[in-house]
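Look at the two complexes coming up: chain A is in both, with chain B in one and chain C in the other.
Right after this comes the complex of A and B.
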């Protein structure tokens, strides 16, 4: 009951927005812009013919693989770059150059390297989400409070123990923040990545509906579904932040 | 307090300064000037030629004569042109014929007033691939721009001719610009699209045409000049003149290699296709009827054929009457303009 009451203002804003949208479409008599109801019926059409689940599961699969690979690469790399100054000096400029390149710019190269199957969109998602996670993890190591390191040194621990017993636990909260950002970016670029998808995916669905004549109801439906799934994914990542080995950071 | 007042006053002053500019922006639109949307494909080549031809004609027109002016706006894909036309951001553009049928049927006020070309689509395979006949593509992966593109209808027609079904091949959709690279990377076995994306791979040396509309469907139409009905109502003489220019450009383009070469120089320029002239020249010359422009008559039975093919492909849901999407009067009253370039 309390949570419902807390959610009321945001639900009210969304309801007002939908009402304004609806009124605007009716007032302008637009033949192109769909009403919220047209979006609902369009979505229902996709549910009935079963393609909606196909699109959602294809997108989720690509994003989770792309993001999973990115996390596997980014976390160790970020720890290494944070801990070893030479690695940071060597790799950071390259990553800062690669980081701002839009996945759309990568499309021709992705096709050359990976063809037009699932591998290309997965690569585009990987390349978009790996750098934010590397940066966040590196920053995490760089910003460990010096007193933790000094305290450990006073106990005379080896560099290896220092890394595994002090550095990693200290950096975990930053890693989780990085993963949350990385997953957000991975999901954000799903439409761009699926411009080269073959038959499925929410991004493909949006592109395909644009190619069709007047199916902007499905374009908007795709946008809303992407938004709602993005919200759920972020909620899942926030659960990670609530775990004991991460929460110490926020207790300060 | 005083600072806040000043900043607010500055904002107001800024607004006041921009208002006349906005008014100027509105009044600047010359009713005899028209922006026409198109893609950088050789099926749209009549458009740059018509724009440049008209501009040259305006220079030599007697003083006091009405001077229409056409500007080419390059778009990156059919959805972008379609959306701009639907929203009325542009009043005219080259569009895919079946897409106009569908949109007109849904009440979007637009009409086809002229063809833009004939032929000009190809099915490309890798040079060293074993494919000699279309039938050998059974079970292979073939790229088309989209299910709503006329290239897809070309593919379906080829399948029907060989008594094959659409399930006999794996059709994948991708942007034509990505197709040469996809073929190069062996990500697809063949692709079916409009020029110059076939020639791009052929000039680079790794692809050859397996089938061309030139041999299989010489009357093939994909891009048609489409205008919004408001423009027809507001300025029919301008639409008529544009159709005359397009038809004139078509005749001019088919009057020999010298004109084709001139068209290559025009189209390759940055304000038009901004492409490698070598590739456009290749399309123009290998062979010279790879794309044709001389016969731009609108023939009802050809549109009916396209509609039936679209119906069979499932991209149109029900038959659409010819008069719903075509305004024939401009073609009927057309007097092809003399292009002097």
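Right after this comes the complex of A and C.
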């Protein structure tokens, strides 16, 4: 009940927006731009013929693989760069140059290297989500408070223990933040990548609906679904922040 | 009793924006095994630097620090430093924190040792709590227990109770004495609180303003439990304060 009341203002804004949209379509008598109701019926059509689920699962699968690979590379790399000064000096400038390059700019090269199959968008997701995660992890190691490292040093523990009991747990909250950012970027990029070159996925669905007869009801439906799935993914990552290994970070 | 720590003409400075900053200038003293020595001095006089030199976190520019007759250039578990801000790992439970220094031994055994020390410092029942679930006083107890677990020869305490409120700080002092009565350690305590020094220490060293030198040394010939209101304690307090530049008798 309390949560419902807290959500009320945002729901009201959305309701007003839909009403304005509906009124505008009717007032202008647009033949192409859909009413909210047309979007609902369009979505239902996609659910009934089964294509919606196909597109969603295709997009999610690409994100999962690309993001998973990026996390597997970024976390160890970030820990290494954070811990070993030489590694940081060697790699940080390169990453700072690569990081601002939009994933869209990589599309021609991705097609050249990986063709138009699943590998291209997976590569684009990888390249765009790996850098934020590397940066967050590195910053996490750099910001471990000295007093904890000194205490560990005082007890004369092995390097291995220092890493598993101090460095990794201390950085874990930052890694989770990095993963949340990385997954958000990955979802943003998969849709863009699918618009260029594929035969499935939500991005493809949007472009295809326009090209195959100006089905703008399906275009808008696709956009809304992308937004809702992005929100859910972020919600999942927020659940990670509640885990006991990272909860101490948010306790104060 | 034999000498545990010998500090011989130790000097230490740091590079700063205004050039070199001499923090410690030729400090010499020695500490006997099992002795409790309090070091008092004006704030910013280099007390913490001195403790870091003793614990092995810093190396002197000149002079030597000998522990059991030999230099100890790196910190190790034979001398545990308890800092003012505290360093109980927030991502580990109390038990895991206490087990930290025992790493490498059989886990079942270390857990039992950890729980034993949690009990000694009065944290029984909180072994599975995380530090953020503890009060400030309990955190200090956890920190002390984590140090005691590894059976250090020496405890280096840098204003350990100064962040606590006056009542809690007083109670922690009594707790510390109770624990030290069970397990005798050599203790070096840094404090700006003269009463705390008189309450706890066998001997009090007074440092000068920076660059620090030992300005005076006082034995505390009072038996425990000590009454700070006693004439002897008050007399000592006035004498120590006078060395610190505060003349209460004249005021």
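We adopt the following convention: the second predicted complex is superposed on the first by the 249 of 252 C-alpha atoms of A that agree within 3 Å, B and C clash if a C-alpha of one lies under 4 Å from a C-alpha of the other, contacts with A are read in each partner's own complex, and residues count from 1 in each chain.
Quick note on the criterion: a contact is a pair of C-beta atoms (placed from the backbone, for glycine too) under 8 Å apart; a residue touches a chain by one contact, two chains touch by 3 or more.
In this text the structure is predicted, and so the values were computed from the model without any measurement.
Novice: Following the superposition defined at the top, how do chain B and chain C come out on chain A, clash or fit?
Specialist: Aligned through their shared chain, the two binders fit side by side on chain A.
Novice: A:161 in the overlay: touching chain B, chain C, both, or neither? Say first, second, both or neither.
Specialist: second
Novice: Could you look at A:112 and tell me whether it touches chain B, chain C, both or neither (first, second, both, neither)?
Specialist: first
Novice: Contacts for A:70 in the overlay, against chain B (first) and chain C (second): which applies, first, second, both or neither?
Specialist: A:70: touches no partner chain.
Novice: Is A:147 touching anything from chain B or chain C once the two structures are fitted on A? First, second, both or neither.
Specialist: second
Novice: Should A:170 be classified as contacting the first partner (chain B), the second (chain C), both, or neither?
Specialist: A:170 contacts chain C only, not chain B.
Novice: Nearest 10 degrees is fine: what angle do the Cα centroids of chain B and chain C make about that of chain A?
Specialist: In the superposed arrangement it comes to 150 degrees.
Novice: So in the superposed three-chain picture, is A:198 touching just chain B, just chain C, both, or none of them (first/second/both/neither)?
Specialist: first
Novice: After lining up the shared chain so the two structures overlap, which partner does A:211 touch, if you call chain B first and chain C second: first, second, both or neither?
Specialist: After superposition on chain A, A:211 lies in contact with chain B alone.
Novice: Enter the shortest inter-chain Cα distance between chain B and chain C once the structures share a common frame, rounded to whole Å.
Specialist: Superposition on chain A places chain B and chain C at a least C-alpha distance of 40 Å.
Novice: Inside the complex, what are the residues of chain C that reach chain A?
Specialist: Spelled out, the residues of chain C in touch with chain A are 55, 57, 75-77, 79-81, 83, 85-87, 89-92, 100-101, 103-104, 130-133, 150.
Novice: So in the complex, the part of chain A that touches chain B is made up of which residues?
Specialist: For chain A paired with chain B, touching residues are 31-32, 107-108, 111-113, 115-117, 195-196, 198-199, 207-208, 210-214.
Novice: Sort out for me which residues of chain B touch chain A in the complex.
Specialist: Counting only chain B, the residues touching chain A are 78-79, 82-83, 86-87, 99, 102-103, 106-108, 143, 146-149, 172-175, 178, 181-182, 184-188, 315.
Novice: Report the residues of chain A in contact with chain C in the complex, numbered from low to high.
Specialist: Chain A residues touching chain C: 147-148, 150-158, 161, 165-166, 169-170, 172, 245, 247-249, 251-252.
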